[in-house]
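There's a structure below that I have some questions on.
Each chain carries a letter (A, B, C and D) given by its place in the written order, and its residues are counted from 1.
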Amino acid sequence: MTGAPSGPPASARLLLSCADRPGIVAAVSSFLEKQGANIFQSDQYSTDPEGGEFFMRVEFHLEGIDDNRDDFERGFADVAGSLGMSWRISYTAQRKRIAIMVSRYDHCLLDLLWRWRRGELDCDIPLVVSNWTDLQADVETFGVQYVHVPVDKDKKAEAEARHLGLFGERFDLIVLARYMQIMSGDFLQAVKTPVINIHHSFLPAFAGADPYARARERGVKLIGATAHYVSEELDAGPIIEQDVSRVTHRDSTETLVGIGRDIERSVLARAVKAHLEDRVIVFGNRTVVF
Amino acid sequence: MTGAPSGPPASARLLLSCADRPGIVAAVSSFLEKQGANIFQSDQYSTDPEGGEFFMRVEFHLEGIDDNRDDFERGFADVAGSLGMSWRISYTAQRKRIAIMVSRYDHCLLDLLWRWRRGELDCDIPLVVSNWTDLQADVETFGVQYVHVPVDKDKKAEAEARHLGLFGERFDLIVLARYMQIMSGDFLQAVKTPVINIHHSFLPAFAGADPYARARERGVKLIGATAHYVSEELDAGPIIEQDVSRVTHRDSTETLVGIGRDIERSVLARAVKAHLEDRVIVFGNRTVVF
Amino acid sequence: MTGAPSGPPASARLLLSCADRPGIVAAVSSFLEKQGANIFQSDQYSTDPEGGEFFMRVEFHLEGIDDNRDDFERGFADVAGSLGMSWRISYTAQRKRIAIMVSRYDHCLLDLLWRWRRGELDCDIPLVVSNWTDLQADVETFGVQYVHVPVDKDKKAEAEARHLGLFGERFDLIVLARYMQIMSGDFLQAVKTPVINIHHSFLPAFAGADPYARARERGVKLIGATAHYVSEELDAGPIIEQDVSRVTHRDSTETLVGIGRDIERSVLARAVKAHLEDRVIVFGNRTVVF
Amino acid sequence: MTGAPSGPPASARLLLSCADRPGIVAAVSSFLEKQGANIFQSDQYSTDPEGGEFFMRVEFHLEGIDDNRDDFERGFADVAGSLGMSWRISYTAQRKRIAIMVSRYDHCLLDLLWRWRRGELDCDIPLVVSNWTDLQADVETFGVQYVHVPVDKDKKAEAEARHLGLFGERFDLIVLARYMQIMSGDFLQAVKTPVINIHHSFLPAFAGADPYARARERGVKLIGATAHYVSEELDAGPIIEQDVSRVTHRDSTETLVGIGRDIERSVLARAVKAHLEDRVIVFGNRTVVF
């Protein structure tokens, strides 16, 4: 999955889905042409041309769109309404805001911060929240605020209330960069923001705790990592990206953990990048990744 | 590169390129909608939204198109003319015809024939031409004609004349499945058919003879194979597909050849499949593979 | 895993395991030197230098060994006894014999037969057994006997009795090349031969039936295949080799099956090759693959 | 290449090569046994059992060896002398010292420093030298000295003299982590330390400047990186490690650079780790990597 660079200013990404039928692409592209837009990337997918679900992502440049978003959206709402579409639009001028949650492992966190500083991730990262203090100095090096929210087993609800307070409605995405706490269903409902987690196995194998030890116990010849949207059921949400690495009988659980770090950080970075570029559409428990 | 299955009957693939400008997608999709077509896959790519070259592939179903190809094409020629497009169309009802050329190695040839028999390659393969007789029995098992055309060093032109006679205008693609003869520029001009070759290295490394021996000599840790359209310059034509496999100091030239066989046959099969599904557009010395 | 070519005649492979302690390598290599052997490959692995289990594979040339096997083995038994070793020896002059079982899918079977014919697999393959007749002509092309043993749901014991009769004690390995029947514990006990199966998922994910459909349902971004020794518990035996391929939302169950075919055949071939070269030692439910 | 963790204290690695002949393994392992050593990893390779070159790496624990290195080495010198061996020994108690050279790209540098901090690289890294000042703050975060040595085109000899002064005889390895200056033959002769470079292509393709731009120009479908020991001829030294990543027509030179960063950093880290664990033996222009 090799992402295109972020579009020029005054550009936007339109994502939509509806029951498949003839004329959808024509309706969308004609509307965009009439507005004066220049489409520079367009992807579509249909689960089945006969009676299936249709998905589309269009990235386009339209001079002045950032001053006329309401007009544009009203206009498109008509098209969408006539075809029964679900849709959303995202403007590249409006950078997404990410909050990262982390416990004590630094590899996914640092990889995201390095990529962000280097310009690989088109977003703002103003906040890292942790149930530990270990990584505070590292995070502050990047000019990012680090907030320590301890999570006591019997006071989880309090911690989650603090999290909700910190996030408010200021974020577009929460990334769990090896955050070793399970989130309650109440929290996930309340937060109203997509949450991406990295799990250290190729799901659905080894969901839950200690996947590397269990991988060694089972004697697998590949280990992996999976980035997915968090849902109430543990490690069962829609998968965005996965990858694996070859291992042998020589690898102890400790060396598996080391090999796994490299997979985890690259899989999480690819998933976050795809989300930031509005390439991911969830449907049912699966994803379309354009 | 995971190909979609061949479309239903009464479907077609339209490939086009032109200078990028607003309105191309709208023009194409509106034309198709007016004809009553249902687009079930559409891909596009622009080298640069400002002044670049635009490429598009649309796969669609249109009831009755196979009885009205001339009308359809006349109609589209108008659209294309107004936008300065180069274009071609391919009907899934009209299976492509492949001729395979081979010398003595069986692995690429058999892999293509197995895949074809199993329905993975949507084409007819009526002819295999070889400068040796070794593989005749294998080929005839598949009900395919095997023609032996010896190639003497000093009578190459005669052999090529026989090849041209055999191919006539009956083929859409010629596949060199480890055919160990260099084709003359005259032949390539005269044959008027795309020719895909598999070269046993990751080009541009180790173009020319004995790539595995040279790979071992250089001490590389990966070997590869490259499928490309044949052009007059040896191993320098547009690349369609490449892949590699990890090797070590333990691998002799002989074991490299064995490892390479697996890469060669899968890379060639993927390239041929992409060509058959009209996914490849050549521009300059590169390819767009949708 | 890139295998060395089969050793020269008059060579052998010694595999052993014992509690780790100092002096094992010295004892084994000194014994071999005194016999006049030249070691050309040696691998060892210890689960833990302190109190762990030690594994070793030595491949050596020894002029005349094939006429003096009993003497050699008696001599080594003394060394082994003094160090409490489990061990076995395999002579390259004595080719292993394989029987293949298959149902209706041809890809794993053809790949094995083709590799065998071209000398990649150092063994004899005198027999293919199937519960269908579909692949008879293909198999006979390779000069291999094809025996049809129908398996009725309610007469499975009869079929297994016929299998045992066919195999007798004439085989060193049975390969299930997509044989779609579950073997009874009684059969596995009685057959006294290792059985390698190819399962069409990356185990432990998607054990059991219909792994490709379940992979699509779960929305994974990688599919895989696993070669393992068959044990009584379904798809739970010691894993020899695994591999995966990247897939996307576009891949239907049918295209997953096609992509999977390529993984299955190469994973199975690598596992069979490792077994034939005596590279695999089972311990507990895991394997050491040297 | 999945490395074993660093051995326990009082352990060492012996590397040797000589003309292949019977008895080498026995001689080495018997010597070690007599000293009371416990071998916990042993690898060997012969280019040809008849008249080839033999290579061996043995990792062993020997209580008290760090107080008796001279005795041990004198003893082994006798064994080595009688078999005509070249050899070297490395003690895990004596950590290797690395100096890193870098220009302005941070990805390889940060990855090495981060792996070092978390204990993946068993070495000291007291010094980073750069011809730019950009990365000074990052490096100092890790508690590592950063020395700025500008390199003027016409005063290269002066800069190299400063480098030699900085390195003295205090280092076991110099790592060029995207250091964008070509070193003179005089410098390489004088420095008397192995130098590992990361080149941003799969060599031998695209040696020299601008490999990503040239890769795009050639239309390859894979890009790669190569870690090699630096020799006088540019990008032509012995290769230690290589890897590739899949790319498409959509990737601009800029996105290739981004994809390449991930390959470069992991390939360089794997090569440095292999060197630190004494797994690499150079012979001719190739490497054995155990």
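FYI, contacts are C-beta pairs under 8 Å (C-beta built on N, C-alpha and C of every residue); 3 or more make two chains touch, one makes a residue touch a chain.
What you see is a predicted model, and the numbers here were worked out from it, not measured in a lab.
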{"item": "Centroid-based (C-alpha) most distant chain relative to subunit B", "value": "D"}
{"item": "Between subunit B and subunit D, centroid-to-centroid distance (C-alpha), Å", "value": "42"}
{"item": "Distance between the centres, which are taken as Cα means, of subunit D and subunit C, whole angstrom", "value": "37"}
{"item": "Touching two or more other chains - residue numbers and ranges from subunit C", "value": "45, 248, 250"}
{"item": "Graph class of chain-chain contacts, one of line, ring, star, complete, other", "value": "complete"}
{"item": "Subunit B-facing residues of subunit A, complex", "value": "8, 20-27, 29-30, 32-33, 36-46, 49, 61"}
{"item": "Residues of subunit A defined as touching subunit C within the complex", "value": "45, 202-206, 218-222, 224, 238-244, 248-250, 285-289"}
{"item": "Of subunit C, residues touching subunit B in the complex", "value": "2-5, 106-107, 110, 114, 118, 120, 141, 246-248, 250-252, 254-255, 258-259, 262, 266"}
